[in-house]
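Same chain, two partners: chain A is paired with chain B first, then with chain C.
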Partner chain A sequence: MWEYIAKRLAMVSVVIAGVTLVAFSAMYLAPGDPAEVIALARYGEDLSASQVETLREAEGLDAPVHVQYLIWLGHLLRLDLGKSLVTSEDVLTEILQKLPATAELAVASLLISLMIALPAGVLSALRKNTLLDSGCMFVSLLGVSIPNFWLGLLLIWFFALTLHMFPSFGYGSLKHFVLPALTLGTSLAAVTARLTRASLLEVMGQEYIVAARARGFDERTVLFRHALKNALLPVVTFAGMQFGYLLGGAVVVETIFSWPGIGKLLVDSIFAMDFSMVQGCVFFIAVLFSLSSLVVDLLYAVLDPRIRYDRHD
Partner chain B sequence: MTDMIEKIEIAKKACLAEKRLNLGKFGKNRLAVSGLLLIAVLCVFALFAPEIAPHDPFSQRLDSRLLSPSSEYPFGTDELGRCIFSRVIYGTRISLGIGILVVAATSVTGTAIGLLSGYRGGLLDEAIMRGVDIVMAFPNIILALVIAGLLGPGFSSVVLALALTHWPAYARLVRGQVLSLRKRAFVEAARALRPSSFYIMRKHILPNCIEPVIVLGTLEIAHVIIFASALSFLGLGIQPPVPEWGSMLKAGVPYLRTAPHLTFFPGLMIIFTVFAFNFAGDGLRESLGQPANQEVLAG
Partner chain C sequence: MNRNFKFILTICMLLAVIGASACIGEEKEGTAKGTGSGESSQELVVGISTDVSSWYLDTFAAGDARFVWSQVYETLVRLDSDLKIIPGLAESWETPDNGKTWVFHLRENVTFHDGTPFDADSVVFSYSNQSYVRQAVLKPVQSVEALDNHTVKFVLAKPMPLPYYLTHVAWPVMGPGCLDAEGDFVKPVGTGPFRFEGQTKDQEVVLTRNDAYWGDKSLLDKVTFKVIPEATTRVIALETGEVDMIIKVPEYDVQRLEAEEGIQVHRKLTTFTDFLQFNCDSSPFNDTRVRQSVAYAVDTEALVNEVLEGIGEPAGGRPYSPVMMYSDPDLKTYTQDLGKARSLLEEAGWKDSDGDGIRDKDGKPLKTTLIVSKGVWAVRHNPMAQVVQGTLREIGMDIEIQVLDEGAINKLESTGDFGMILRSGYFVWGPYPKHFFVHHSANPYSHYHNETYDQLVNAADMTIDAQEQEELYHSLQAFVIEEVPAFYLVHEEKVVATCPSVKGYTISSEDPWLNLSGVYLERK
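Now for the complex of A and B:
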């Protein structure tokens, strides 16, 4: 167990080291000279060559690329992600400021998805191969196929513009949560429902369930006391892994609903060619995602004593 | 004796049947077959767009802006008076094109990388797998968004961004297959003649992992199409006036209250397409044979 944890930690550090490289090179993806691109974004179209040169020196862009990377890495180790190239705000402060909105949306969506997916998945597993089952699975496949930007717009059109029940954008009250969380939650629910169904079906076929029935427990007890406990384990860990999905989906949903989170920050900074903000966001999101899957993996090992990690992978 | 021969026969069949697509089973899966039919319809749309579309998808008629669906314009017209139906039909070319291009590129390179990684093992394997981990450390769309956004919007940026971020799934899948296959009797036997490792990979290992790759590829086309249209919707992908579904949706947002058909129909087309590939892929996955029963000979 400890060996597994040590190995997993070592892997995560390698991955995060790689992530720094990817995040840093984001700046060099943009065609043209970064100093010029930044100057364009900051001073507008009419800029002089001397302005570009001053900026190049001020931002340390005159050093060779690998030196720039090492300098960036050095700052990073001191938790300094630099300053926004456009607004001069501190990148980390800005990200931490946006984090709560994204986290709240993620939690709300996760709750909504579980509220839909658990009953649907359990019901279709219990009524396997009936009309109800195939209906649920059809809807879930449909749910996977609906792009969340379209669903979001549809919800806005119906609930905000037609019925005037909820605000169509913004952040603040509980009412603002409903539409974005529904958008993000339903698409997640589609996948979770399928997983719940598969997991419960597998558990229900095991011998200890037969044994429990043989001992005379009624179906309800068998389901709630014996089957669900084991069947929900992969579902719960899956929900943890979906954190990454939520972060990704947040980019689109936050943009539609003008939700002041990290996803919108990232999109806005890409448009503004604010390289240091893009680097910061990308790095922060990847680290958050890596750490969350690490926690999920370790939790899984603790929760399920059957799992042994003596094999590689 | 006959018992023994029978057992060997069963074992042989089991080996052949391992992860084989069962097309008979696929044919019985009505949803999967309808998925395949929908894909055929989409291909017809893409190939014969000029014949099917009633209007020029680019011609603007400012006197007929934001018209509701009618017999002249089945899906109505957009903010510049262009026929939405024609644009949606032409959009099939873009989305299918991106989906097929990206999946072709990523499935081939991902498979090659996975083969190499699984068969060579050792340090190379370790390095490749950490590379896979690094790409997968970014939540699905984030990296593609940054790459496409910073490269500058356009068809080739979208394809490049999605290709760079979608190969690891294949590499991981194929590597896992190779690891389980290389220890199998038929590979050991083939190795007795000391052929090159390239020969073993091509002749014995690749054919046995190609079908899971086909299944993954079919499902991935659906993902790629959604991602591509999401990039365009955010304004970081295909740009107007190219009739791409995501960018049509984006253009329709300001008119959501007065003319919701601007966003409704392109979105419906995305769903239709993604639905088709998801159904076909799901059916293919279900018709994949179960892994061979290893106990056949022992029993």
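Now for the complex of A and C:
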């Protein structure tokens, strides 16, 4: 088991190196001269060529790309993510400030998505091809099709403005979580519901289910004791992936609800050509995503005794 | 009862508890504020679109930061709500040598928020060599020195109407107490009616009243600026009562808010103007007639009435807002004349030889690009660009719209690979028409090179004689109308919306400045 984890962690490092390299190159290839864009942000419109050049040298933007990347990597190994090119603040501090908000929203959204999707998926599978089934699947299709932007504003208009039940923006109390988590959760729920339904249907057709029924167990025991646990395996994997994705921050929701998360930080940094911040964010998100997928894989072993990592095949 | 059933029951009860607590919590707090949180609660909440990322004089305060700066910091020279120059932290000023040297007499008995006295040394500190303003804006300033405790002398390399430049809140006076012993910035120290209390990054900035303020003390105890990047959410937050005031209301919400009972919508023409900057260095806009044909084709009145719902004033080519200095009331602006536009193109040699609706010359079609930025003003620029595109199609010009971020636009500008850029503002600092510098050859972002124009701009900026300045700026306005280095579309109208509790607010033309003097709250 520990050998497995060690191997996975080594792979994670390789993945992260690859991801950050690609992000670095993408920023470099993007149109626009980073030194100029940053100088414009710092010094306003009345810019002179010498100011741009001074900035370029000061921030090391005149070195060739691969050299810049290696320098960045060197700093990383010392756990130094550098300073933002735009605000001169410590990248690591800023990301860590935003991380709790993103993580909390990710957890809340995932919870809501599961609370909607699991019952919906299970009911649809059990009452296959009835009105309930079609209904649930139609609603899930809606959930996938409705853009976050529209849904978010609609929820704000209805729940905040018309009903005065929840605040329309901000971060701070439990109430602030509801609308953003609902917005994110409903679109995730759609896919999860379908997956649950398909997975449960497949499991219900297995031989051991038939055997369980033959042994005289009632439907409820068959469902909860035998079928559900196995049906949930792909769902768990998927939910884990979704969680990793959510940790990358949901820019649209963060913008609409004024949620101080990593997603908006990353997008704003890309537009501002803030190389250090972009690299820092990408690195963090890659780490979180890889770790969450590792946790999911380990969870799999807990849920399914057939999968154990210390078997030497 | 098997344990799975109990498990599900627990989950349901948990959900019910969460739901209930949400509702109960709501009753306890009330909707934000305003429901009986004290009759004399003078705490204003303002919604802005970006956070204040910098408080120090080494960078330009971008986005909505200046609205917050204008509560904490002040300038030597101020403007009233109609853009007339009035004394600020300097009571008077003179220039003994026609503009090369300026002496400012500072107001006495003023203290910074940290208790240190406001004096000439703090002015020297605020306008030091390292400051953004010296490096970017006031490059001709050679030295700033304190003659005595309350007198400061600015020496310039060439004559310049310096006081007009000193009104902008982006380069205010800051107290040296904002730095610690090592010279690192600690917290904002200004002289303004409010002092900095605290900031939660990307969420809010809290200011409290400065009881030692030299002028009329504010009636408000506290001002909180909440950061809400999405415009629609800001408007809804005003309607729910979560914020008391919002700045920059989107055009499509103005009518709805005006109709809503209690909400007051304040409108005033500001100093910003949207314009189409031509690339005069290459075809087709290197030909003045082609530029003029665009000026005759685009109907700026329709732009304001249809696209902007009547918010703003059609410019018809007028190079800057009529509320600013030296605006020529008799200036002949453009009105739409498609016939004239077409004949100008014909004259310039662009004829539709193949009948496809697009003119051509020497085998090349009249096709070019219109660039729109993704920035803060992009919301109204997008539909405006589309209208321009449609109109120009009618006279036989094929326009491709490109919506890009600043980095990409920069790239295209440096290679000259564009036709027109739709922009706003640029060199707009208070009432002074510095904006003409945009088309000066010395400006790296100018795409127009004309010696006469350069000479006019230089002359106008080097004299301090009001009469002479007026003549020169009138000539410049006429020049821009005639030669059209850029076609000016709309004079922006600032829209601020307040909830019923906000009283005493006077909207100012100055942008970006938030005038909170005299504002108080009457909560019911």
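Quick note on the criterion: the second predicted complex is superposed on the first by the 273 of 313 C-alpha atoms of A that agree within 3 Å, B and C clash if a C-alpha of one lies under 4 Å from a C-alpha of the other, contacts with A are read in each partner's own complex, and residues count from 1 in each chain.
Convention: a contact is a pair of C-beta atoms (placed from the backbone, for glycine too) under 8 Å apart; a residue touches a chain by one contact, two chains touch by 3 or more.
Being a predicted model, the structure only gives us computed values, none of them experimental.
Trainee: Is A:205 in contact with chain B, with chain C, with both, or with neither (first, second, both, neither)?
Mentor: Neither partner.
Trainee: Output check: A:97 vs chain B and chain C. Expected answer is one of first, second, both, neither. What do you get?
Mentor: second
Trainee: Does chain B (first) or chain C (second) touch A:30, or do both, or does neither?
Mentor: In the superposition, A:30 touches chain B and chain C alike.
Trainee: On the A-aligned overlay, A:255 touches which partner chain: chain B = first, chain C = second, or both, or neither?
Mentor: In the superposition, A:255 contacts both chain B and chain C.
Trainee: Just checking: does A:64 make contact with chain B only, chain C only, both, or neither of them? Give me first, second, both or neither.
Mentor: Neither partner.
Trainee: Check the residue A:51 against both partner chains and state whether it touches chain B (first), chain C (second), both, or neither.
Mentor: The answer is second: A:51 touches chain C but not chain B.
Trainee: One more residue to check, A:286. First (chain B), second (chain C), both or neither?
Mentor: In the superposition, A:286 touches chain B alone.
Trainee: With the two complexes superposed on chain A, say which partner A:138 touches: chain B (first), chain C (second), both, or neither.
Mentor: A:138: touches chain B, not chain C.
Trainee: After superposition on the shared chain, which partner residues are touched by A:15: those of chain B (first), chain C (second), both, or neither?
Mentor: first
Trainee: Which parts of chain A are in contact with chain B and also with chain C?
Mentor: On chain A, the overlap between the chain B and chain C contacts is residues 30-31, 153, 156-157, 161, 255, 271, 273.
Trainee: Can you check the complex and tell me which residues of chain B touch chain A?
Mentor: 31, 130-131, 133-134, 137-143, 145-147, 149-152, 222, 226, 229-230, 233-236, 246, 249, 253, 256-257, 260, 263-264, 267, 270-271, 274-275, 278-279, 282
Trainee: Taking the complex as given, what residues does chain A use to touch chain C?
Mentor: For chain A paired with chain C, touching residues are 30-34, 36-37, 40-49, 51, 86-87, 94, 97-98, 115, 153, 156-157, 160-161, 164-171, 173-175, 178, 220-221, 224-225, 255-258, 260, 264, 271, 273.
Trainee: Within their complex, state which residues of chain C touch chain A.
Mentor: Touching chain A from chain C are residues 2, 4-5, 11, 15, 18, 21-23, 25-26, 31-32, 53-54, 59-60, 62, 132, 135-137, 139, 170, 200-203, 226-230, 232-233, 236-237, 239-240, 242, 374, 404-412, 414, 426-427, 443-445.
Trainee: Under the definition above, what is the set of chain A residues touching chain B in their complex?
Mentor: 11, 14-16, 18-19, 22, 26-27, 29-31, 138, 141-142, 144-147, 149-150, 153-154, 156-157, 161, 244-245, 247-249, 251-252, 255, 266-267, 270-271, 273, 278, 282, 285-286, 289-290
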